[in-house]
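In what comes next, chain A is part of two complexes: it sits with chain B in the first one and with chain C in the second one.
So, the complex of A and B:
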């Protein structure tokens, strides 16, 4: 099959050169490097915006094919098109700062997203009960105990403050501050190392997860 | 930390990864057992036999931000899954919440298809932007994994609290879900909701467990070595501070 010239090694070379310039521009204070880094990042932002537009076309295509192929689920896709046309026309014709546009955000989008937060809460409680039923290991027991203790310590129990549980200087608060911070730092260090090494692999063309 | 030290750490890690990649052929790094990936291998076979799909949710990491690393791992996992599962009638699908991620995911699917010699008209078009905001992305992904007869959900990328909705939909469908993220709140959600949560740096080991390429093993070895160095440094620094030097 014919390969495009945009495939490796050309694209690997472009990745390597731009990546190295952006990286060195971050670490080394040199005028030309800084300028190039800034320019490349600007191009990146423009490309990301174009990618978002392509993504929206993809979303429209998916819902259009749903509308034609699946009458049972067409109502969701129909509502998507209604919402899309409405927000595009209101935002596009009247401007983003228009009161009607703000009303759409304040009275439609924000309440829907807020209700989804409540759904997440219910979902998490359900997930915890599943954890209790199906997968009770030492790790999960500590996880559950931490959740229960942090919930108990976050508010006074029927208006009564228990010395070890409540207050900033309580034993529990101290344990959470020390153990919790240590745990979070440990996890973040692992994530940071993983991110840097993944970056090195991609930057030097040793791994191309999105191409040949 | 000064900029010079940062650059030195980057160069040292780069040299370590390249050196370890070269030594992998003679002395391959042994990976510890991870039940998630043992189960995944079995589940892929079963899904292909049953004519079901695998779904990779790539999150909504932005290409210019520091949280894109986990999305790159998700893309790598998608490519490996496609290589294995493309022989079935139903190739894997990918959902994401960011435009650039969608393009890269489509490229991953196409690359794997081309390598198998599929004609351009048969290339899968199954990388979707399911929503542009966190919740619309989660709801869109829920719809996809309900409609497409999915058996395995791999959630690897940058997620927030919306991950709970995808994870719950996966459970309701009775799917196997393996989930990891660079975000701590998403990790906590996956610890409760996913069949196999990947915590901390485990998410960055996913591709190494899916194929035995020397570069992937070398990366993992470098990651482990670097972690021990950081632990050693932290211990020494704590002792020095404790003693009062």
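So, the complex of A and C:
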């Protein structure tokens, strides 16, 4: 099969060169590298914005075809277009600071988002009850106990403060601060190490998420 | 019947209350109206995403230099303009290959930013924070405080190490049975699960608290609207 020059080795080379220049710009204090890093990052930001627009364009295309070909789902796609045109016309033509745009945010977007968060809350509580229905392992017990104690310690019940539970200097607060910090720090370091390793693998072409 | 309140506020309040109740109704089951709201919401967000990327990135970085100085600006934006143009080919199935160059550039820059950010933004500060309790420069602290800080520092260091050990997947082949991790790493990883359970429990509790705050805010909005109606009529 004939391979275009834009296929793998060339793309990998471009990724490697741009990635290394930007990466070296982070750690080596050299004027030209710093300037190149700044330029490449700026171009990357522009490309990311264009990619986002392409993504939205693709979404529009999908909904447009559904509007024409699938009568059962057309009404949902129509609603999608209503929302899209509304935000573009109100935010784009009248401006972000316009009172109508602020009303759209306050009376449409915020209620939907806050209500969705409440739906998530109910889902989380349901997930907790499912956890209780299953056999409790020692780690599940620690997880549940942490949640219950953390919730109890956040608000004094009936205005009564228990020395062990409430307050910044309470024993529970200190325990959570130390043990929680250790756990979160371990998780953060694990995520960061994983990101660095995955990044290096893609940078050197061992993995190719951008097509063959 | 007279309205003493601004019409927009009343109408907006009614829309907000209606949307809140409809989204809450999703808890009883998926239905036509709530799906309409979700699709409309996705459309709104897509529109805002386009607006945001145009106003904050594309206009100031691509168009403004050209408007300020047509010749110098054209030179300045030539490369990103060509790369952006090539990226547009990704929409076409036939010419999508032409967009690979831009995508490769974007992946390279993105990865470098990810690696640089992970090292400078997470690894270095977190490792420094693990080390700092043992810093001798803190000798100015009172002896009792110093001991307390060092004990806490040891606990955090231990917790961090055992948590990290849990994610160590290097297993050795065995003559009998499947490959297993070394015994001491297995033990450290087992202890690490306690710290992970506590950390995840705290994160979960934080999410629950934020959810309760949202619930209280929604309930208050509903009550405010009822009061508004009572005052308005």
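In this section, the second predicted complex is superposed on the first by the 194 of 212 C-alpha atoms of A that agree within 3 Å, B and C clash if a C-alpha of one lies under 4 Å from a C-alpha of the other, contacts with A are read in each partner's own complex, and residues count from 1 in each chain.
By definition in this document, contacts are C-beta pairs under 8 Å (C-beta built on N, C-alpha and C of every residue); 3 or more make two chains touch, one makes a residue touch a chain.
All figures in this text were calculated on a predicted structure; none of them were measured in a lab.
When the two complexes are overlaid on their common chain A, residue A:184 makes contact with chain B and with chain C alike.
In the superposition on chain A, A:19 contacts chain C only, with no contact to chain B. Applying the stated contact rule after C-alpha superposition, one finds that A:52 touches each of chain B and chain C.
Touch criterion not met for A:171: it reaches neither chain B nor chain C. When the two structures are aligned on the shared chain, A:43 is found in touch with chain C, with no touch to chain B.
Of the two partner chains, chain B is the only one touched by A:130; chain C is not.
When the two complexes are overlaid on their common chain A, residue A:106 makes contact with chain C while staying clear of chain B. Comparing chain B with chain C, more residues of chain A are touched by C.
By the touch criterion defined above, A:11 lies against chain C but remains apart from chain B after alignment on the C-alpha atoms of chain A. Shared-chain residue A:195: touches chain B and chain C both. Under the contact criterion defined above, the residues of chain A that touch both chain B in one complex and chain C in the other are 23, 26-27, 41, 44-45, 47-48, 50-54, 56, 58-59, 76, 112, 116-117, 119-120, 124, 140, 143, 184, 186-191, 193-196, 199-200, 202, 209-211. Within the complex, the chain B residues that touch chain A are 3-4, 6-7, 9-10, 13-14, 17-18, 21, 62-64, 66, 69-70, 72-73, 75-76, 78-79, 98-100, 102-105, 107-108, 111, 114-115, 117, 128-133, 135, 138-140, 143, 147, 161-162, 164-165, 167-168, 171, 182, 184, 187, 189, 191-193, 199-201, 203-205, 207, 215-216, 219, 222-223, 226-227, 230.
Residues 8, 11-13, 15-17, 19-20, 23-24, 26-27, 35-37, 39-51, 53-58, 61-62, 79-80, 83-84, 87-88, 90-91, 97-98, 100-116, 118-120, 122-123, 126-127, 129-130, 152, 155-164, 166-167, 192-212, 214-215, 217-218, 221 of chain C touch chain A in their complex.
Interface of chain A with chain B (complex): residues 1, 23-24, 26-29, 41, 44-45, 47-48, 50-56, 58-59, 62, 70, 73, 76, 112-113, 116-117, 119-120, 123-124, 126-128, 130-131, 140, 143, 184, 186-191, 193-202, 204, 206-207, 209-212. In the complex of the two chains, the chain A residues touching chain C come out as 4, 6-7, 10-12, 14-23, 26-27, 40-54, 56-60, 75-77, 79-88, 91-92, 96, 99, 103-104, 106-112, 114-122, 124-125, 139-140, 142-147, 150-151, 154, 176, 178-196, 199-200, 202-203, 209-211.
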